[in-house]
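To start, I am sharing the structure in question, which I have written as structure tokens.
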Amino acid sequence: MLKAKNISVSYGRKQVLHGLDLTARAGTLTAIVGPNGSGKTTLMRALTGDVAFDGTVMLGDTDIARAKPYDLAAQRAVLPQATPLAFPFHAVEVVRLGLRGGINTNDRLALTALSRVGLDGYANRFYQELSGGEQQRVQLARVLCQVWRPVVGGIPRWLFLDEPVSSLDIGHQLTVMNIARDFARAGGGVVAVMHDLNLSAMFAHQVVLMQSGHIIGHGAPAQVLTDAQVSRAYGCDIRTSSAPDDGGWFMLPQSAGGEDRERVTRSA
Amino acid sequence: MRPVIKRRTLMQALATTAVACALPLTAVAETYDTSRVVAIGGATTEIVYALGEADRLVARDSTSAYPAEALDLPDIGYMRALAAEGVLSVEPTLILTEPGAGPPETIAVLQAASVPMVVVPAPYSAEGILAKITAIGDALGVPDKAQVLADDVRAALDDVAAQVGGDEAAPKRVLFVLSTQGGRIMASGTNTAADGIIALAGGINAIDQFEGYRQLTAEAISVAAPDVVLMMDREGDHSATPEALFAMPEMATTPAAQSGALVRMDGLLLLGFGPRTPQAAQALHDVLQEQS
Amino acid sequence: MMASDTTALPFVDRRNTARRAHLVLGALLVLVSLASLAVGASGTSLWGALMKLAQGQPLTLTERVVLWDIRAPRLVMGICVGSALAVSGAVMQGLFRNPLADPGILGVTSGASLGAVSIIVLGAALPAAVQSTLGAGLLPVAAFLGAWGSMLLLYRVSTRAGRTSVATMLLAGIALGALFAAFSGILIFLADDMQLRELTFWSLGSLAGASWLKLTIAAPVILVSLVLACSLGRGLNGLALGEAAAHHMGIPVERTKTLAILAVSAATGTAVAISGGIGFIGIVVPHLLRLATGPDHRGLLINAGLLGASLLLAADMVARVVVAPAELPIGILTALLGSPVFLWILLRKRGLVDM
């Protein structure tokens, strides 16, 4: 269980988060959505301890503000938006950074993780020579290696994903979201900052809708992402779940199938 | 060999070097094996040649550029940056050096290798040249030859001194400029070879506020008011033409600039303080008189 | 999770390359060391001397001095300085996530220079007791203190609430370096003729000043800082992804940075103190190794030490043979050999070193 209480963050004199409370359960995928500048990435950084904040964040029994980096790393992994590298690492070497020590059996795990994110045969490619989307998936493989088993000794582990699909094509978006959902299904916890409301609605068990540093909706996608709430948050008139009036071309990732039918019961 | 012993040898050697630099040896009573001699310092090499003992030399340092035959000897590098093994490789039985040979680590190793080293005195005066000749003659075991050379040099120096004594015009104020690199004038104060040769030639060093060579401010130069500017003759140094030098703003107000009085002389001849110094003093004296 | 078996894929593990490189570079260092003992301006033969020793004959004084007082301390100093410069370079580049970072930009060199210049110009004013105790070790100690002091000052300036910003540190390093250079400039202006000559020799960069006395001070400091630096491999790997990512991977970021800074200032400061300014080893060696064996710092740091030592010894051999019986300043040689290699790397692998 991830419990954040009364989280406030200020950049200089400007307060960007105003006393937020948030709870996320292991076994579920929580999507944080909202317009640009609503504070969703700042909230993510507070949850992972990357910015100084007022309030408390508890990951299970661990207070993340006080925990040792090593203990925290054993419980949760964090995928940043983009990770530039200055040195000529191979893809597999980046993935292996997520592993502890240099035990040789782990090599197989690194290759398996690459294959899991759809990068079979990329092991010896230079990271710098990959596209932005491929780099993002290499980083996801690294993060997966760090918390490969979603539950260890009865204690769930967590994935924090900051816009994990923003630079991916639709096929890979589905691959990555499926990985996140499988992690949650196996008992781990997933918190993701998302831009894409369709994918959020499709994969998340729980949606947190933010606007101007406040949480204005928190719950199952269908309850949070109503016409009124979305219109208010994004400042434009939007109707959800309805085809355009002129019937023009549109495509929903939902049409690819694979929607999680159990999520309503589990996230209740 | 145990390091402990080494350290003591080294410290002793360093101490000896320091003493040798501070108090030039004037009396050299020991006799040396002079079959393979390394000469360090332009004047030292010149004196060895002037004594007719050049066949004993096996190497020289890079400041030893006169006479021209000396250039055929192996060069062991700049006298302040000698390499210990380089010096040992010419298998010297005696090293003749002016003060300032280094670095101290190299000198320490040479002493540990039991290579005798004679540091010849080098004050920038007439007496200094004679003492240098005597010390080298003693070290090479040819005191009689040295006496002859010293007498010649003394006579020549006395001759110049007599001319200086008979000068009717007021002594000239001379500014020795070492370099004008980057538009900055590096000039000689007191206690330098340049100061010494100016005095021998009957001039007055225009700068007496500091010792050694320093960069001068524009105002210091106009206060110094030199009648003549003295420089070393270097090929390819384009700033050393009178036009370029006197065009520098800090120079423009000086008497030297108004009369265009720039004197250039060969560096080793001018500043070496060896057997050719009477010749240099005479030449400089003549030029200074011409400016009157 | 699903486990598709991908071990059958052709896959190059550069960690094995790095491990093989330990052996190859180790053997290279042994060879270069032997050559360094055997080569010199004088005709003294290492094998001749060894044969004599084996037969129980005494060595001549010249043989003993050349081998034990000239070549041996020079060999040890070359190994110390070469490995210190190369490893410091690799650590700094890891810390700054910038393959062109060099210990010089942190002001370590300027700090060390200020220490050395102070002693050369003002040393005579020190109490006689201090002078006689430290003797020839005075200059190295002062240069090391200068480097270390400048690092501590830099760390104070650029660290707030236990977090060091690399950008602030970089800018502060440049500013402090300029400040130290200005202080050195004042001292150089005050220096007399004799002191100026000493300064010139010191700033040229050379192993010619090697002596056992200097090494008794410098070698242990460098050895300890190198061991410390080599233990930071995993931490520096994590830092390659950024401080936040390293923290999330469980790396004690602040501790890693502090130790890296300490190790680098001690190693570089001491190396600069005993050998003057020798450039390019710290940039070229880690760069070549990253291209050959990958950027994993665990193998890279050890390889950098081995290759840095070999390279400096080789350069030193050239320096003392090519114009014998005189010597070239080794700083000229490392720059002469290093900068074309460096440019070639940049041109050839331009895409891989973009920052």
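The chains carry the letters A, B and C, assigned in the order they are written, with residues numbered from 1 in each.
By our rule, contacts are C-beta pairs under 8 Å (C-beta built on N, C-alpha and C of every residue); 3 or more make two chains touch, one makes a residue touch a chain.
Because the structure is a prediction, the values reported are computed rather than measured.
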Quiz item: Smallest number of touch links from chain A to reach chain B?
Solution: 2
Self-check item: Farthest chain relative to chain B (centres taken as mean CA coordinates)
Solution: A
Self-check item: Inter-chain centre distance, chain A versus chain B - centres from mean C-alpha coordinates, in Å
Solution: 79
Quiz prompt | Centre distance in Å when chain A and chain C are each reduced to the mean of their C-alpha atoms | solution = 44
Quiz prompt | Mean-CA-position distance for chain C and chain B (Å) | solution = 38
Practice problem: Find every residue in chain A that makes contact with two or more other chains and list them. | Solution: none
Quiz item: Which chain B residues touch at least two other chains?
Solution: none
Practice problem: Could you tell me which residues belong to chain C and also touch two or more other chains? | Solution: none
Quiz item: What part of chain A is in contact with chain C in the complex they form?
Solution: 48-50, 68-74, 76-78, 80, 83-90, 92-94, 97-98, 100, 102, 107-108, 111-112, 114-116, 120-121, 123-124, 126, 128-129, 146, 148, 182, 186
Quiz item: Which residues of chain C touch chain A in the complex?
Solution: 1-7, 9, 11-15, 97-99, 237-238, 240-242, 244-245, 247-253, 290-291, 294-296, 298, 349, 351-355
Practice problem: Report the residues of chain B in contact with chain C in the complex, numbered from low to high. | Solution: 1, 3, 6-7, 10-11, 14, 59, 62, 74-78, 80-81, 83-91, 100, 102-106, 108-109, 112-114, 192, 211-215
Quiz item: Quick one: in the complex, what on chain C touches chain B?
Solution: 40-43, 61-62, 64-66, 68-71, 135-136, 189, 192-194, 196-198, 200-201, 204, 206, 208-214, 216, 320, 323-327, 329
